[in-house]
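Next up, some structures in structure tokens.
Presented sequentially are two complexes of subunit A, the first with subunit B as partner and the second with subunit C.
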Partner chain A sequence: MKKILLACSSGMSTSLLVTKMSEHAKSIGDEAEIWAVGQDRAKKEMENADVVLIGPQMSFLKKELQGEGEKYGVPVDVIDTVAYGMADGKKAYEQALNLMGEQ
Partner chain B sequence: MFDRLNKILVPIAGKLNNNRYLQVLRDAFMLAFPLTIFGSVAVVLANLPFLEKIMSDSALGTLQSALGPASQATISIMTVFVVFGIGYYLSRSYDVEAVFGGVIALASFLILTPFILTPEGAEPVTDVIPLDRLGAKGMFLGMITGFFAGEIYRFFVQKKWTIKMPASVPPAVAKSFAALIPAVFTLSIFLIVNIGVTQGLNTNLHDLIFNAVQAPLVNLGSGIIPTVIAVFFVQLLWFFGLHGQIIVNSIMDPIWNTLMVENLTSYTETGEVPNIISKQFMEIYTVGMGGSGMTLAVVIAILLFMKSKQMKQVGKLSLGPGLFNVNEPIIFGLPVVMNPVIVIPWILAPMIVTLVTYFAMSTGIVPPPTGVAVPWTVPVFINGILATNSLAGGVLQLVNMGIVLIIWMPFLQVMDRMNVKKERQTENTETKAQTDHSSKEQAL
Partner chain C sequence: MMEKLKLENLTTEQINFQLISHSGNARSKIIQSLREYREGNTAESENLLAKAEEDLQGAHDIHFQMVQKEASGEKTDISLLLMHAEDHLMSTVTMKELVREMLEIFKKRDD
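Up next, the complex of A and B:
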């Protein structure tokens, strides 16, 4: 079970990407739990995730969340801008897997 | 040049976003949000345009006074919730017992509030709390008090000036005893300040702060030039891929919200709306037309007139979210971010539309937003009608979208031609959309 947390300003704009990522994970037979939250809840939900992806419009949170992520050993990065804009579930999902692999 | 600006803006945006006080303030206003929505629904119902035609004057009056408490208990006394919220969230940010921080802030604010009402040409009434001091008029004093009270309270708690109960005492009791000394000290300070001001200066802090801080700041913020400057910064930040509203609003919200409460209070009492600029002006007439940058018009232009496959795909993706004023797909997909081709319409169009909206409202062609809170995710046209309580408010948005479309058109066409050319060139390599994007990514 792969747990991927997406964070943006209110959790609204990333929810489209969540759907696309889940679809992709399903299509390749991966079991994944992917969910989106607003920035204020990101820190709290972090420990339940294997990896955290931040919406590019909140890229200024990266440093802070990465610091927090180190506590739980959760990698944090900003979602690839293009994958985000085009709601490219495959690309974003692969980015998440890559991050988890680097752990 | 873009790169260098980006390096400057990202840390500033991060600081503003993560600043403890601004974060607390943002959360405190969000605390009042569900309440203001409730109050707003009641105001909308009581002022439905056709009620006048189907109801007698007295029946309408009865209905309006029956619904009155809904907005009086929420929006009209919004400062109460904001003060509590500031005390609560500030204490929480320091990891001290938050709910006491909230009530101590509220009590401190009430200590500074004169419990006396002087109606025009009548004897002062004592032992009452004037509603307006708990609403728009007291907003800035409320915020200041909330922060000071929260800081003083947590200072004493963190200094461990508390009473510790033995472990056998129930936690709720132990907690309220732990808050006892910090509460007494904090409230004493405010009481002494209040005595000093009322006895020494023969006035009260409400009037003092209102005249010295709130009135000048709100006056400044309600002007069209500062508003257009705020719009400019929102657009500029988004151009660099940063959430413009989160950053600009955290500075402007105290002013815009005060104007909103003023508007709604006046609207429910007299039907008049004193301020054109307010929270709703910003939400409905700069964001409420497809998201920041008013991009629903851009999406429509792309779907109708553009030929590039990549742009068409972005257009299709953006239409659904755009109807609900979420436009990240277009900002990062078109992309808007760091795209020199469309920087001019991206920044210019919203500024021009803001000017047009302002003049349409200042000349009385379209009524300004009444202060009724409409969530920013309500689709265009509907949100305009709801916010202004008039059809003209919705029509103005459609006109605005036409203006956005005209300003964007030539730039979109240039971009379309560039994309079509690139798509032809890369016919044989990978998928077109990806190639087109990776070249842009390098530009980032």
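Up next, the complex of A and C:
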């Protein structure tokens, strides 16, 4: 089971991306738990994830979150701008796998 | 930097994501700009604010096309996601204007 946490300022835009990423994971037969939270909850929930992807509006928090992620061995990165801008669930899912070192 | 996109090549959802994505990139750079100034990196601070303006221009390009489309009689579907995207754009424009003014005040003070 791959656990992917998405975070953006309110958790709204990434919620939609979650749906698209989940659909893609299902279509290739992957078992994945993907969920979205707002920026305040990101730190609290990251220990339950294998990887954390954050929205572009949060990229200024990347270093801080990466520092927090190191405590749990959870990689953190900003969602690829093109993948995010096109609401491309497949691309975002592949980015998550890459960060987990699974691809 | 993302290439200029034509509205007709995008789904409604992608249009909203484009607005959020460009505004979001700008927002991060605006905050980073203030932080750089705090560290004494004035040139980098100004550079980031200029880059944020380019990102905002990207959002404005999309938004302008949307307004044009509506003005020509073609209705846009109003969704919560679109309202959220508008929120992002509007708050980021406000932040940018304020931060620009703040940096001017700081520069004058610190000269």
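Basically, the second predicted complex is superposed on the first by the 101 of 103 C-alpha atoms of A that agree within 3 Å, B and C clash if a C-alpha of one lies under 4 Å from a C-alpha of the other, contacts with A are read in each partner's own complex, and residues count from 1 in each chain.
Everything that follows uses one rule, which is that a contact is a pair of C-beta atoms (placed from the backbone, for glycine too) under 8 Å apart; a residue touches a chain by one contact, two chains touch by 3 or more.
No experiment lies behind these values; they were computed from the predicted model shown.
When the two complexes are overlaid on subunit A, subunit B and subunit C occupy overlapping space and clash. Shared-chain residue A:Ser13: touches subunit B and subunit C both. By the touch criterion defined above, A:Tyr93 reaches neither subunit B nor subunit C. Of the two partner chains placed by superposition, only subunit B is touched by A:Glu64; subunit C is not. When the two complexes are superposed, the chain touching more residues of subunit A, out of subunit B and subunit C, is B.
Clashing C-alpha atoms between subunit B and subunit C turn up only in stretch 331-339, chosen from 169-177, 259-267, 331-339 or 349-357, once the structures are aligned on chain A.
Annotation: subunit A residues 8-9, 12-13, 16, 55-60, 81-82, 84-87 touch subunit B in one complex and subunit C in the other. Here subunit A touches subunit C in the complex through residues 8-10, 12-13, 16, 55-60, 81-82, 84-87, going by the rule given at the top.
Those residues of subunit B that touch subunit A in the shared complex are 10-11, 13-14, 17-18, 27, 238, 241-243, 245-246, 313-314, 317, 321, 326, 328-335, 337, 377, 433-434, 437-438, 440-441, 444.
Those residues of subunit C that touch subunit A in the shared complex are 2, 10-11, 13-14, 16-18, 20-25, 27-29, 31-32, 35, 81, 84-85, 88.
Listing the residues of subunit A that touch subunit B in their complex gives 8-9, 12-14, 16, 39-40, 55-61, 63-64, 81-82, 84-87.
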